[in-house]
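Labels run A, B, C and D following the written order; every chain starts at residue 1.
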């Protein structure tokens, strides 16, 4: 059971590295962006995992549970904003990819480097 | 009791995921995504009761309302493609 | 028991991630990332993060799929088979994974009440919210008031990203565009898509209403400006998909969109400046009213509105920029 | 009365769970696109009809029940619509069920 308690962190590690692998290996720029969003999701998951408290519920205090335990609100605040920032920055990346396609006619990294030579 | 429904939903999500990964045509994948969306709505509703916080149904409501936008985007994406291809007589 | 559900869903998440990276077809990757987002939202919900799950739902269910698909329509559907050797990268990644897993052995156990993260500021936030702001949702209180600076920064990042996309793509069709990107000009398409059009138009008011509910109910339940902005943008994007992009631009013209982008961020900043003028600190809302608690609640309401306006404007401008650029 | 409501809601939810599972199995095991769509589409409608009233019986007359009703209505609106749109799109693209093996658009051409 002690090891199982670390499973969430392992998922974080593996997910992070799947994203990193996509960013390193894939030559297609859109695929790289998707890999980057996987990487991002792994970080989100780590933060939220850390905020969870045994026996706690979501930090919204109602009359029914005023004296209960609550999970940590701070990581949730950070990740909530990060998700929206993540989609905006991914859109910016996609915009750059579209411009690259229009200038170079391709979005494969090796072909772009070939043209630039 | 909620556990049984939750298990059924999660296992069905796994089956839908398998269908999405196997394909074979793009429409199968869209079907699987749509199916997974419905299952997610139900799962979120059941989990809200399971955790004793039925005030969190907003989440399931959000998915119920906007999940099919993705399906429409896909259809738009393929309809333009299909419209351009010459008609095939079977 | 919920922990077991969590394990199962996390495993599904990992399988989906592997499939996303493995697939050579970019369209399949986009579809699978839609599923990934659904599974991620359920996981967030199981980890007590209702607000975060709602954000993931609002953003992941429609908008990210639409944006990725419109980028795909302009660029390419397929990725080339990778030619370079992947063994080196694989070795690096596996070693890094093992190092990370080794590092987690020293982490506190999952949901351990004695973990350092639960000892520092979190109890203070949970205690002080009722006293200083008196709203049920601690997440909104921390977001808007206790850590208002952070959120202002995030809003400016979103603002900058929107401006960046507008600079990159502009409003003119690109060289790969064809006329009338979204118009339902094909009579065959119209006949076959009548039912989606009718049902979709029926749902748009409800999505908008739900967006407003999430916006103004954010102090009491999961919700707030970020989620509401994404939901409202999703409603308008649905309208654009059904009725054509030009009709959507008639509803909210580009000039208004730019006004929304700037206006929301400005509203947030001005509320902060009011704090200074009324003799307190930047982003201290207590002085906005004679009763400090009422002042805090007023400030939160206004800045959440500012956040919602900016997020709506940015996401819609990005969508229109992509749609105008290509054929989709 | 309490017990009766509990039993009724349990029956509804278990039935819903069974249908959900059957639908998932059908979507996985059926031989071609349209039969899979049939399995998935029908169970996507019947499962909310069973499960959500089951939850409503547990919630009683509260705001949660109203929200559940809204979820049910929206699911019943969007689910069949999405299935319809998907089926007609597949048909338009030339995906015929009886010869699905030969005419299904292979992904390499998509």
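The working rule: a residue touches a chain if its C-beta (ideal position, glycine included) is under 8 Å from a C-beta of that chain, and two chains touch if they have at least 3 such contacts.
Quick caveat: nothing in here was measured; it's all calculated off a predicted structure.
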Greatest separation from chain C - chain, by CA centre: D
Chain whose Cα mean lies nearest the overall Cα mean: C
Chain pair showing more contacts of the two, A-B and B-D: B-D
Centroid spacing, where centroids are CA-atom means, of chain B and chain C in whole angstrom: 19
Between chain B and chain D, centroid-to-centroid distance (C-alpha), Å: 9
Where chain A and chain C are represented by their mean Cα positions, the distance between them in whole Å: 12
Residues of chain C touching at least two other chains: 27-28, 50, 72, 188-189, 193, 196, 200, 203, 206, 221-222
Interface hub residues of chain D, defined as touching at least two other chains: 74, 78, 81-82, 85, 89, 92, 107, 110
Numbers and ranges of chain B residues touching at least 2 other chains: 13, 23, 26, 30, 32, 51, 53, 55-56, 58, 61, 65, 67, 72, 75, 79
Touching pairs among all chains present in the structure: A-B, A-C, B-C, B-D, C-D
In the complex, chain A residues that touch chain B: 57-58, 60, 62
Touch list for chain B against partner chain D, complex: 1-2, 4-5, 7-9, 11-13, 15-16, 18-19, 23-28, 30-32, 34-35, 38-39, 41-42, 45-46, 49, 54-55, 57-58, 60-61, 64-65, 67-68, 71-72, 75, 78-79, 81-82, 88, 90
Of chain B, residues touching chain C in the complex: 3, 6, 10, 13-14, 17, 20-21, 23, 26, 29-30, 32-33, 36-37, 40, 43-44, 47, 50-51, 53, 55-56, 58-59, 61-63, 65-67, 69-70, 72-77, 79-80, 83
Residues of chain C defined as touching chain B within the complex: 1-2, 5, 8-9, 12, 15-16, 19, 27-28, 31-32, 34-35, 38-39, 41-42, 45-46, 50, 53-54, 57-58, 61-62, 65-66, 69, 72-73, 182, 186, 188-189, 193, 196, 200, 203, 206-207, 210, 214, 217, 221-223, 227, 231, 234-235, 237-238, 241-242, 327-328
Sites on chain C touched by chain A in the complex: 3, 6-7, 10-11, 13-14, 17-18, 20-21, 26, 29-30, 33, 36, 40, 43-44, 47-52, 55-56, 59, 63-64, 67-68, 71-72, 74-76, 79-80, 82-84, 86, 89-90, 92-94, 96-97, 100-101, 104-105, 107, 109-113, 115, 117-118, 121-122, 125-126, 129-130, 136-139, 142-143, 147, 150-151, 154, 157-158, 161-162, 164-165, 168-169, 174-176, 220-222, 224, 226, 229-230, 311, 314-315, 318, 321-322, 325-326
